[in-house]
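There are two complexes below, and they share subunit A, which is joined by subunit B in the first and by subunit C in the second.
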Partner chain A sequence: MLDIVVSISLVAVVLSMIGIVYRVIKGPTTPDRVIALDSLGIGLISVIGLISILMRTSVFLEVILLLGILAFIGTVAFSKYLEKGEIIQRDRDK
Partner chain B sequence: MKKPNDLILKTVTKVISFIIILFSLHLFFAGHYEPGGGFIGGLMTAAALVLLLLAYDMKTVNTILPFNYKIMTALGLLIAVLTSAGALLFNVPFLTHAYDYFELPLLGETSLHTAVLFDIGVYLVVIGITMTIIQTIGESE
Partner chain C sequence: MTGISDFIIVFFVAVGAFFSVVTAIGLIRLPDIYSRTHAASKSATLGVMCILIGTLIFFFTEEGLFNSRVVLGIFFVLITAPVGGHLIARASYSSGVKLWEKSIQDDLANKEEYEEKNRKINAEKNQIKKEGS
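Then we have the complex of A and B:
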């Protein structure tokens, strides 16, 4: 029973990720693509969670936290590049 | 000129960078029995430092954490080589590791393994190389 429910939700998440990939390709502006890539990372996190339920293992749980951190840092870096033109500034007050 | 105000980013960074460093230490020490180890632990610590670099600037981060990352890389390699060569003192081959169980105060029975010392070398090398690459790329104007 659990396997069926998890499989159905896996299909739903993958369908939503396909929609997000459409937005990554089509997105008219760069911020659209950045937001779409961020939500693609979140979708990947839920896929990993569902697969670790299906495989009945807990060794993937670190990967979930890791992907959350990496998606956050990547999105912040992209937005800073869009906002300021450079990612790491040498001296902010100048 | 309007001054940019990154209050939300700076406040979030203050909270999250500690969580990332704690998570990287967990990954580092869990490496013997669970997924993790020196490589991914070092990468996550470097990710926390990169987040600090994103929210603040290079001068501030160098003031808070005055590390020379090239020396850190060399220190990590030295620790790895010395741990490996320490086995030669006991008439066993190079890179032989030993472990035993010890009663530690506060922690109880703990297995201490010399592979952890080797892993500390890996950890320092990964942090040093990642931060050297990022700082070198970030500095070129």
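Then we have the complex of A and C:
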């Protein structure tokens, strides 16, 4: 039962990621694309959790941490770029 | 082996997959960036957290140890995903993305005016302080 439900959930999550890719491609503005990419990274995290249940190994679990950090840093960098035009701020008063 | 733990894992994984599908539907169907932020930050966080809790319980029953990497992943996603959603919504407002035309309230509409007023008040305060000293 576990394997069947986990497989069905894996298919559902991957299909929802394909739906998010539609928003990445079409999204009318840049923030739409950024937020869709963020949710794509979160979807990848859940795919990796489900795959490690299916394969019964715990060796993929570092990837969860790494993907979470990368998705967050990417979103923060993009939002700083959109807001100010520079990613690393030197003058704090601007 | 089908124990009670399997039912718990199945419940969490199914709920997580459901919320992932809800995220995708929200991102595709909602009208503007500010409402899409809700779908991407709330339901995506809940979905991935449910799936990771299922993974945590699975490895707890399979290997008999509490996997600290999954716990760290859960906490990290819980902290960072809403923060990312908030940051990108704020950045999109200040880069000039329009609201949906049926939105009824824009709390940041007179932000410039308000900041100008604050700046004037602060300048007056500084002036008084300088004269006093």
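Keep in mind that, in the parts below, the second predicted complex is superposed on the first by the 93 of 94 C-alpha atoms of A that agree within 3 Å, B and C clash if a C-alpha of one lies under 4 Å from a C-alpha of the other, contacts with A are read in each partner's own complex, and residues count from 1 in each chain.
Criterion: a contact is a pair of C-beta atoms (placed from the backbone, for glycine too) under 8 Å apart; a residue touches a chain by one contact, two chains touch by 3 or more.
In this text the structure is predicted, and so the values were computed from the model without any measurement.
Asker: Regarding the shared-chain residue A:Asp32, is it in contact with subunit B (first), subunit C (second), both, or neither?
Answerer: second
Asker: If we overlay the two complexes on their shared chain A, which of subunit B and subunit C does A:Val13 touch? Say first, second, both or neither.
Answerer: The second partner, subunit C, only.
Asker: Of subunit B and subunit C, which one touches more of subunit A's residues?
Answerer: Answer, by number of touched residues of subunit A: C.
Asker: After the superposition on A, what does A:Lys80 contact: first (subunit B), second (subunit C), both or neither?
Answerer: So A:Lys80 meets both subunit B and subunit C here.
Asker: Where does A:Met55 make contact in the superposed view: on subunit B (first), on subunit C (second), on both, or on neither?
Answerer: neither
Asker: In the superposed arrangement, which partner chain does A:Leu70 touch: subunit B (first), subunit C (second), both, or neither?
Answerer: A:Leu70: touches subunit B, not subunit C.
Asker: Do subunit B and subunit C touch any of the same residues on subunit A, and if so, which?
Answerer: Residues 62, 65, 69, 72, 76, 80, 83, which sit in both footprints.
Asker: Going by the contact rule at the top, pick out the subunit A residues touching subunit C in the complex.
Answerer: Contact set of subunit A toward subunit C: 1-2, 5-6, 8-10, 12-13, 15-17, 19-20, 22-23, 29-32, 34-36, 38-39, 42-43, 45-46, 49-50, 52-53, 56, 58, 61-62, 64-65, 68-69, 71-72, 75-76, 78-80, 82-83.
Asker: Under the touch definition given earlier, write down the residues of subunit A that touch subunit B in their complex.
Answerer: These residues of subunit A touch subunit B: 59, 62-63, 65-66, 69-70, 72-73, 76-77, 80, 83-84, 87-92.
Asker: Inside the complex, what are the residues of subunit C that reach subunit A?
Answerer: Interface residues on subunit C, with respect to subunit A: 2, 6, 9-10, 13-14, 16-18, 20-21, 23-25, 27-28, 33, 36-37, 40, 44-45, 47-48, 51-52, 54-55, 58-59, 62-63, 67, 69-70, 72-73, 76-77, 80-81, 83-85, 87-92, 94-95, 97.
Asker: With touch defined as at the start, can you tell me which subunit B residues reach subunit A in the complex?
Answerer: These residues of subunit B touch subunit A: 4, 9, 16, 20, 23, 27, 34-36, 40, 44, 47, 50-51, 53-60, 134, 138-139, 141.
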